[in-house]
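Listed next: structures, encoded as structure tokens.
Look at the two complexes coming up: subunit A is in both, with subunit B in one and subunit C in the other.
Now for the complex of A and B:
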């Protein structure tokens, strides 16, 4: 079997390409999910998604690779408190409050004691006390994790994630409030063009704050590196430069920066006897894949079983109708943008842990590569955005094996897309809408 | 909800206020270095009190800003240094005028139109990108303004047939010549790399004119004649997330040298794929001069260890050279020392300490020499692009910054023609690790492998 060939290529190479494609497809799927969620919530195709990924990756790097200043930590804790507090209270604001009436069963009125006033508040908001208690508990736990993560020096990944999530939520909320909400009711094209503008603004902001240099998130690093040039083995250590100054002459100058050990070996599946070589799994893509699956499951459950998720689906289906039954459409939009900003950050962080780092040439443009995946699912299906991502990943990698020209490799996912759209103009699983006159 | 928007805006502004300053290092006045240009032609005129402007344009804020921002810093530091220490151009102070295309070729066209229509017209300009130079090739000749180019595009320099020397002069060797030089070295020293099998090159490069410029019929034939096999070429877009499959294809075809014509995240991506596959002992990673840079070291860390290729200049650590001493001093004083213990500022200073900053000093030095020779030839009042072109085309040979980079052009030569082999190494030194690009041999004349070049093999 080790010498089998499939259309002129070794069986091992083809299987390896499919595995690479599936893993890469996981990352594509995660990006596609973010674009689909925004489209479902607001009907807007978000061209700024790549730049949101880039910003999220850089914020993670800022907290991961640097000691955050006390003031910055303080601000982040305040913001996290504000956001989580708002989210918990927001559960009660999904609906507009019912009119105040005297409660004949409890006898409570607006002038009663605190307990009764809380009961009245919850009743007006149609809040289930048990669910509210659970939400508050989850929120408090999350807050504790964020605060501990931001303060604890040793858990830099948690610190980075906490910083990135809070920062990204803030970016998502700002985008929605300042640029998208004022366009509600305006032609969709205006909002879509607005997302293009947001992309440029984020590009400018990231360059002003972080400069033009690519940033490596060295999570998946080797424990020690053996140098091919000198043969010595070593671990992460201080970056030393030789410098010359006119007053002190030549000297070695230790810096605060460090030299990392390089990329950790890929995970391996022992297939040498069967395929001639072991199969390899890129570490950062494996993590990306499982995070994408986890996010997909979480979102499916969220949209299907939570009040907020159901309210968001209703809003996405018909904003006018949702508003007429008392749902707060604007709040739904804000929540959607905040969630998608976090998803974008996760994708940016995953790519940042790969070979390219958080590179301006790579991360923002990555979102454009998943457009075929998004469109395959008809822009609306979370499940098929996921499948689309995996399909595009595999098609892309197989074309690398079988087609010599890069143009063909880049074109292949779009050829698949064109074929699908010709057969089913609404995408494989897009909803065909019937307009009745 | 307006209140909410205001709260969000204020919070974000506060975040920017606290996070932002970490990225900006303060500057101070440079110390006083001493004279460096040993080969400078004596100027026959005194232009004290006047200014000359060095015009440059390219992608300063777009996708290649990581390499052009250090170039800008270097050009400004170099101009300041030469103005203060060597009296600029015949006493006239050098001013730097920059145009930012943001990576747009339309903007490149606009900047050319704007600068070339100035009165007086610039005598010479500096550009950064192969694609811009190819786009403007004919117009540059038409407007008769020579261009110094920080790229090695054969099309921009010699045209499609290889025998139409342009008004553009590259400050690095052609990528074909670099690969030829690499093959010369491998043919003689392959055993020293301790890699199994005869050498076989596989190209893993960026898609586009730059990435495809090394792998030509001429380089394949030249390397084959030296016993170096060819496994094929795989190209990837700079946006590619991971290149493991491309690497697997080349390894399957028998490659044990992976040669990349890309820069920054490109070589880093290739190096990470090699390290992930644990092939460091079975494969030699190599590339053009841009792969041997701190921008690659910063991203790839120790994955970059051992990357080998042609290096046509001295490196930062060759501090015995007076030119390198001056460049190191300018970097240290203007960018590094004021940073103190600020981690982020030091990291940014290290990012500036790259190939582009290094090259900007010999570029300004060569510009001064060119202007001086032209002024001596035709007088400052008659100085124009044609006068500069005559100097370059007539045989210009100048060891800029005491030999940091040797400019050598004539009527048939439009790129640097000498170089040596360098390798990224991580030296264990007291206090940590010193990443460096170590020379593996001495400077040699590179083979001429342009289409129809002297050293091409039938």
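Now for the complex of A and C:
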């Protein structure tokens, strides 16, 4: 209908870009959350986050697109059992145990029957029986899903998710134990350089194991495919996250030719009367947005409402104080790194379902582009990290409309960054806590 | 660090760069070797091939790298500011030198000076946005430089310095007062001269008022301000000079490799330079030398050997590995592990170990180390 224009571009394009930007911003928010959590827990700005995303995406692809061998599945199940078991026990091990005192209410000492011994144990560990039961139930359910997911052949997505979950947790724990823990109390510069070193190591490992090819996670592009593709390198796609493309039909045609299966169509919003064209929403963006926001909300709730989350926030606030009330600070740091590794893996998988797949030139850079979003939120605040992610997403997509894609990828977020640094160095919304000179 | 009992007895001695006779001996000896090495016949005596053209090239590129890392050392090692954009500033220098050599008749030395100043000004611009803050924020601003500068250079349309997608920009040979640099050997001497000049300049900066101000900012910026040091100005100066060094290195690189592409100045290269500096020893005059030597040795010899070894051994043990992929990731893996190991076990780098070794040699036979 009406050809409204906004600064030389049609109104439809602008609305499309803003919606795409918001959808992409959900993904950015998830990445930003991971960076913020590490910054609060370890006091490190994690330059290796992109490579953690990359590794997580590749592990997902490995389990999604290939048949894992039985021994590998066995190892995974063993590891998951250990992890979840220790997580359940960890609920009681947040603090060092209270000293053993003779308890008059139970009337039993160390050598009572089993039930009383469990009660005494829980009392020493300051465990609430009801909460413990809920935690064990959640853990058992999670474990069941993992085992079923790893064993069952039909549901490749669950299998991939289970593999990526365990694998990324292991990566996070190893990073914390091997590289971050020895640096406790060392200068900030050392920590920054260490995350760069971690990035190099992860890059080396992923390249040695998976090679330089892009691995496509074709959840949305080839849903009908019975045998997922074994990750051929993408030669046609340029290394940019193409959200807005005019020749979408042509691309779909290409995919149809090469893969031989149908491509799931974009979601459409009927806006023909209002804007002149329908709005198109890419499938992976919509799903990715909801998954990312869901993960974001889940982790925010976790930090706010669970005992472990509370303990982690206390640790982030002041490590010495947390240690002095008996919290196990090192355990908290390990848990934080494991959680962030999982978040990174989810972000990497979402990006991997898009057009470019888990590409070495796309995914690690993605995290660098999100740094301005984190800064916008002031490095501290989880809520504002989300807003920052959405803002950066919209800015990028609008830049694609008004300039071009490379400008959006390489310039726009960093121009925002420079502007923020010049105007309010402590973030637009952050607490004024930054060291100034 | 000098042994006890060695004193300066006059001002000339106290102000000199090389204070003791031992210093003089080593400087003259090493410089002499470096000057004479390329003159040595390529065949070598006793059948030992000392100087192959490849080795000469290696020395030349190491020299260029050394200049850039010396600048980084002034910034990270002495002022305590981190920069993730050194490669981008090198890129500015390289493109400036290339454009000057292609489009104008400006003499070579002047073109290097201009490209150094150009890089310095742009480095200052990105530094200024972060001078009010420190730590992560600083790293972020220089990271922005690493993205924005290549974008700007790649986006510029026109044949001035952008010959279309991915095409390297050819650079004519350097011409010093009518004396054209043609052979590898001449390039080597050219770079060696610049290395010596920049190293002496760095030493002079460090032992002067500026260097002392930088060190005080690094150690405690609040105390430095209390002492009356203009922290803002000296930080800005550090950024400027570090970028100037990068610009000189970039300009030399353009002339030596005789082509410039934007791909060779990636973020990865910036991080590699940081890694080299930290491994060599940030904040020590010898740090960059050790770092570059160590890195080049690893890059040139150990990686190849490790590649062959793991291609032979690993696929038998870990059957899922593809031998073709191993050389792709091995350099990164090795550099990452080495950097992490140095950060954990010896954050002061090889140069510090060297000092300990020197002290032990001096105290022999009573030394413990």
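Heads up, the rule we're going with is that the second predicted complex is superposed on the first by the 382 of 437 C-alpha atoms of A that agree within 3 Å, B and C clash if a C-alpha of one lies under 4 Å from a C-alpha of the other, contacts with A are read in each partner's own complex, and residues count from 1 in each chain.
Basically, a contact is a pair of C-beta atoms (placed from the backbone, for glycine too) under 8 Å apart; a residue touches a chain by one contact, two chains touch by 3 or more.
None of these values were measured; they are calculated from a predicted model.
Peer 1: Look at A:406 in the shared chain and tell me whether it touches subunit B only, subunit C only, both, or neither; answer first, second, both or neither.
Peer 2: After superposing on A, A:406 lies in contact with both subunit B and subunit C.
Peer 1: Between subunit B and subunit C, whom does A:189 touch in the aligned arrangement: first, second, both, or neither?
Peer 2: Only subunit C; A:189 stays clear of subunit B.
Peer 1: Does the superposition put A:361 against subunit B (first), subunit C (second), both, or neither?
Peer 2: After superposing on A, A:361 lies in contact with subunit B but is clear of subunit C.
Peer 1: Where does A:414 make contact in the superposed view: on subunit B (first), on subunit C (second), on both, or on neither?
Peer 2: In the superposition, A:414 contacts subunit C only.
Peer 1: Between subunit B (first) and subunit C (second), which does A:379 come into contact with in this model arrangement: first, second, both, or neither?
Peer 2: Only subunit C; A:379 stays clear of subunit B.
Peer 1: For A:330, decide between first (touching subunit B), second (touching subunit C), both and neither.
Peer 2: Touch partner of A:330: subunit B, not subunit C.
Peer 1: Subunit B or subunit C: which reaches more residues on subunit A?
Peer 2: More residues of subunit A are touched by B.
Peer 1: Should A:209 be classified as contacting the first partner (subunit B), the second (subunit C), both, or neither?
Peer 2: both
Peer 1: Which parts of subunit A are in contact with subunit B and also with subunit C?
Peer 2: Residues 178, 205, 207-212, 368, 406-407, 410, which sit in both footprints.
Peer 1: Under the definition above, what is the set of subunit A residues touching subunit B in their complex?
Peer 2: 9-10, 13, 16-17, 20-21, 24, 27, 62, 66-67, 69, 71-72, 75, 78-79, 82, 167, 170-171, 173-174, 177-178, 181, 205, 207-214, 216, 218, 221-222, 225-230, 232, 234, 237-247, 250, 252-266, 280, 282-283, 285, 330, 351, 354-357, 359-362, 365-366, 368-369, 397, 400-401, 404, 406-407, 410
Peer 1: Along subunit A, where are the residues that touch subunit C in the complex?
Peer 2: Within the complex, subunit A touches subunit C at residues 39, 45, 47, 178-179, 182-183, 186, 188-190, 192-194, 196-212, 368, 371-372, 375, 379, 406-407, 410-411, 414-415, 417-418, 421-422, 425-426, 434-437.
Peer 1: Applying the document's contact rule, which stretches of subunit B touch subunit A when the two form their complex?
Peer 2: Against subunit A, subunit B makes touches at 1, 4-5, 7-9, 11-12, 14-16, 18-20, 22-23, 31-34, 61, 63, 65-66, 68-69, 207, 232, 234-246, 248-249, 252, 264-265, 268-273, 275-278, 280-281, 284, 295, 297-303, 305-306, 316-317, 319, 324-325, 328-329, 331-333, 336-337, 341-344, 346-348, 350-351, 353, 423-436, 438.
Peer 1: Can you list the subunit C residues touching subunit A in their complex?
Peer 2: 76, 80, 82, 126, 129-137, 139-141, 143-144, 147-148, 150-152, 154-155, 221, 225, 231-232, 235, 267, 271, 274-275, 278, 320-322, 324-326, 328-337, 339-340, 343-344, 347
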